[in-house]
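In this document, chain identifiers A, B and C correspond to the written order of the chains, with residue numbering beginning at 1 in each.
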Amino acid sequence: MITQAAPPAQPPAVVPPTPAVRRRKRRPDLFRTLSRVLITLIVIVQVYPLAWQFLTSLRSEHDFATGDPFALPSSLTWENYARAFETGDLGRNILNSFVVTMGANVLIVLLGMMAAYAIQVLGFRLSKLVRGLFLIGIIVPVQIALVPLFIDYSQVNLLDTYQSMIIPLAGFSLPMSVYLFSSFYEYIPKETYEAASLDGAGPYRIFGLITLPLSVNTVVTVVLVNSIFIWNDFIFANTFVLSEDLKTIPLGLQNYIGAMGKVDWTATFAAVCVTITPLLLVFLVLNKAMIQGLESGATKG
Amino acid sequence: MLPNRSRTSVLVFLLPPLLLYGAAVLFPILQSLFLSFFSWNGISEMEFVGLANYIRMFVGDDIFWRAFLNALIYLAICLVLQLGGALAVASLLTSLRRGRELIKTLYLLPAVISTVAIAFLFVRIYSLEPVGLLNQLLHWIGLGSLERPWLSDVNTVLAAVSAPEGWRFTGLYMLIIYAALLAVPKELEEAAVLDGASRWTLFSKIRFPYIRPVWITTTIMATTYGLRGFDIPYLMTNGGPGQSSELLTTYMYKTAFTSTDFGYASTISVFIVIECLAAVGLILFLLKRKADA
Amino acid sequence: MKNLLRAAAVAAATALALTACGGGSSTNSSDVSPTGEMKPHEISWLLSRPADGAVINIMKKLADEYAADHPGFKLNLITTPDRPSYIQKLETLAAANKLPELFDTDATPFAQQLAKQGKMLDAEKLLKSLDIYGNYRPGALDYQRFDDGSLYMIPFQFELEFMWYNKALLAKAGVAVPKSLDDIPAMCTALRSKGITPIAIDGQDQWPLERYVAYQPFREAGPGFVQKLKKGDAKFSDAAGQKTVNWMAELGKAKCFQDGFSAQGYSDAQNQFTSGQAAMYNIGTWELPSLATDKLNPAVRNDVDFFTLPTTAGSVTAANEFVSPSGIGMAVNAKTYDPLVSDFLKFALKKYPAQYAATGALSPTTDVQTTVPANATPLFQKALDQAKDLGSKQAMPWDTQLDPTTNGRLQQELVLLVQGEVTPQQFTETLDSTIAQNAPKFFK
């Protein structure tokens, strides 16, 4: 969309802070102090809930029920974690979420790359139409597929399987992936392909030898962004999964709901802390790659 | 276009993604369209009712219009928080010299937490009895008269359920906009500063026009996610009190799975699809036209 | 492209038509003793009960015992404790014609349609053929019956709902235990003037507030009112209807419920009561382990007591008639009913009551004695004793009675009525027209 020839992944850290320096000379520290205070405030707002969630998971039930929920706990306890593991099968829930997230991601990345390659690199007569078709998937809400998919699954015996979750999760994430990949492919210079073509490489080899290796950064971005949504997906899992063995984390968390809606909150928060840990770790380790991918994907509009 | 491509190779690359996409997205949309002409509760015989569902939706259903209006307000609040917040923070961040990486990471964290946990957290924050964080804060800064049960007050509930959704994803959009702002050529800015341009002129005349294409993409993303909003209002208030925080998506969901009125729910689905398409068309039209002007 | 679209639409139509036809096949719902060879296999029970609760634990244990003698048998317990999610799951499974051998449901209009289509086994015949029908409390069975008296679900619990209260807080406000439902608004005003929250209520789950709307008509016109109301044969504009509408509005005006109740959950409400902030709390015997044992906060332990649903002047139902639900019931799928299911049910249903009563809960049958746990307060026994002296009528929770659309609207409008956002008149008009619009679809 934008005619700017930025290199695909420009690390933001190398940008020299000259404008800031110059500005500071003109207007003394007021602006900078203000923005620091603002940024600190915003960061507190963003991080506090995670911290609160963790602290709550260390509170005793009694303390949580009667004390000020926002004060520091009067004493710390790991009891909630013991209860969390007793009530639910957290290990299995995490494993299931992992299988679903991975399965969906493989489809999203592989098929996303293939479609983008066909649309952007190979090109064909109706490519505009196909692109438009994919746009629909970015736009429509996932909820509309629930009723029809349920009926379809029951026809082909797919209810209560990993696939029943993976298919719609991947299907609805595919358009964004196609979009990110094709806007990335737009910036692979045509000459690269032409040179390879002249050497006699066919479309398959070009895909495997040129396009695929160049896409790594975008792959990381696509995987991480989608993982956030898929890991926490509730609506498809809740509709299509029935048996205990296939329950993913959000469904597993429901096991902490007792009779008539009574919830063991401290144990629930302990479980939440356990279940977001894997995602959080991956996120913290790979977050630099993801931020770079997002940024490079974004600046190319 | 690659010179050596063949029809088969295009199909080999295109068919598998289209197949999955068709099965998971396009076909269900068509099925919804089909179902919207029927009255069906899931267990009895389907009954063809023609346009009756559509007529009921447009003229005979006060909740539908209420939910539609709510969805628009919800969207507006999310957009202001997500885009406005993202732009503001991204601008602030460019003026910072150290700690940018750390702040970017911290800022993205809320997106990782599951909506179930977020919903419960915000119920606590908004609570009045026992007093929650927000009311506590208002009390401390001397605005005690504003204390209220935010989720039970019909005037504040919609804003109260929109805020967490906006809050969650501000970090994501901030990153995108931040990256775009960094790409603004420094020479342009410096030249303007030398000409004595104010901070606002610098922003409105140099920076913003430069990032407009990214802005359009971000706006479309935020709009479509806003129109999809479901989890948080559903979990926090279930649309209440009354219909004050009912969105089209929650209403559709309840019509299908609580009232077992699959035909009418599909009618609402069809409307949501059209609504989303129209919204995106409108954004493209408005923002593109402005860019051309 | 157009052709493709058309083809897809046709395919969709066929798929749907197939599903719809699949639902039509009927089975014999009264053949309770199937013949044929008994082949052990896995059976599933789709249920909505707490994952670690007594019912599930006992049934698991019984299934293991049964499996020891019948290799190959296995009982899959698939639980979705969150009720709205469960109902969604049940309805979609029914739509897909994929109901398991056993499934939980209340006596809702939806369940009645399933029964009419012959998808559920006649539970009365089943229990009689197992020779245990007479053991059940009549009230426990009545709770599961449809309006026509037919019985398709088997109860696993028996609960009584009481108004729990804090004696010290009532004394502080100088009010006595209400003699009549009509005394409650004045009691709330008195409590509020002393800075005490009168009633803690779980507004988020909606059924607790819906209980209140059922009380006045039950006293005024008996259990028949809601049965007529749901079909449109009685109206909120009738005398009994107006009485409850105005009473709910008065409860709101007197600020009976905690501020912001509509967004507060179960645990929050209970905590308000058990921490001594709220004076009253309406809940059933399933909370005995937290309200009538040493688990209860020591600060309020000696002040907590309960009373049963007050009557009114001219009440047609007696003081010993109130809400006594036997919980969500278990239905037996007629289509998959075979000698094995029959034999397992015979085994399990006979052994269940004794083990259930041993956990300190009230059994739906009368042939066993509930064990009072060692850490119980005297209130525990007092609560259990109420079950011995019950009248023949019981107040049905309205959420199991009304059609789902009306029920949803009622829950929403009740909050508005209590908060004073709509007038009693607006409330009456909205609900009467909602019933008129939706009842015919479910009760024709």
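Operating definition for what follows: a contact is a pair of C-beta atoms (placed from the backbone, for glycine too) under 8 Å apart; a residue touches a chain by one contact, two chains touch by 3 or more.
On a predicted model such as this, the values are computed, not experimentally measured, just so you know.
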Chain pair, B-C or A-B, that carries the greater number of C-beta contacts: A-B
Per Cα centroids, the chain farthest from chain B: C
Chain A and chain C, separation of their C-alpha mean positions in angstrom: 39
Distance from chain C to chain B - Cα centre to Cα centre, in angstrom: 37
Approximate Å spacing (C-alpha centroids) for the pair chain A, chain B: 16
Touching two or more other chains - residues of chain A: 147-148, 151-152, 265
Interface hub residues of chain B, defined as touching at least two other chains: 26-27, 31, 35, 130, 257, 262
Sequence positions of chain C contacting 2 or more other chains: 12, 15-16, 88, 92, 95, 204, 265
Contact set on chain B toward chain A in their complex: 1-6, 9-10, 12-14, 16-18, 20-21, 23-29, 31-32, 35, 89, 92-97, 100-101, 103-118, 120-121, 124, 130, 132-133, 136, 167, 170-172, 175-180, 182-183, 186, 189-190, 193, 213-214, 216-218, 220-221, 224, 227-228, 230-231, 249, 252-253, 256-257, 262, 265-266, 269, 272-273, 276-277, 280
Residue ranges of chain B touching chain C (in the complex, touch as defined): 26-27, 30-31, 33-35, 40-46, 123, 126-130, 148-154, 236-243, 254-255, 257-262
Residue ranges of chain C touching chain B (in the complex, touch as defined): 5, 8-9, 11-13, 15-17, 20, 23-24, 84, 87-88, 91-92, 94-95, 110, 113-114, 117, 197, 203-204, 206, 258-265, 268, 272, 277, 403-405, 408, 411-413, 415-416, 419, 421-422, 438, 441
Sites on chain C touched by chain A in the complex: 1, 12, 15-16, 18-19, 46, 49-53, 76-83, 85, 88-89, 92-93, 95-98, 202, 204-205, 207, 265-267, 270-271, 274-275, 284, 286, 297
Residue numbers on chain A that touch chain C, as the complex places them: 62, 65-66, 86-88, 129, 147-148, 150-155, 159, 238-239, 242-244, 254-255, 257-265
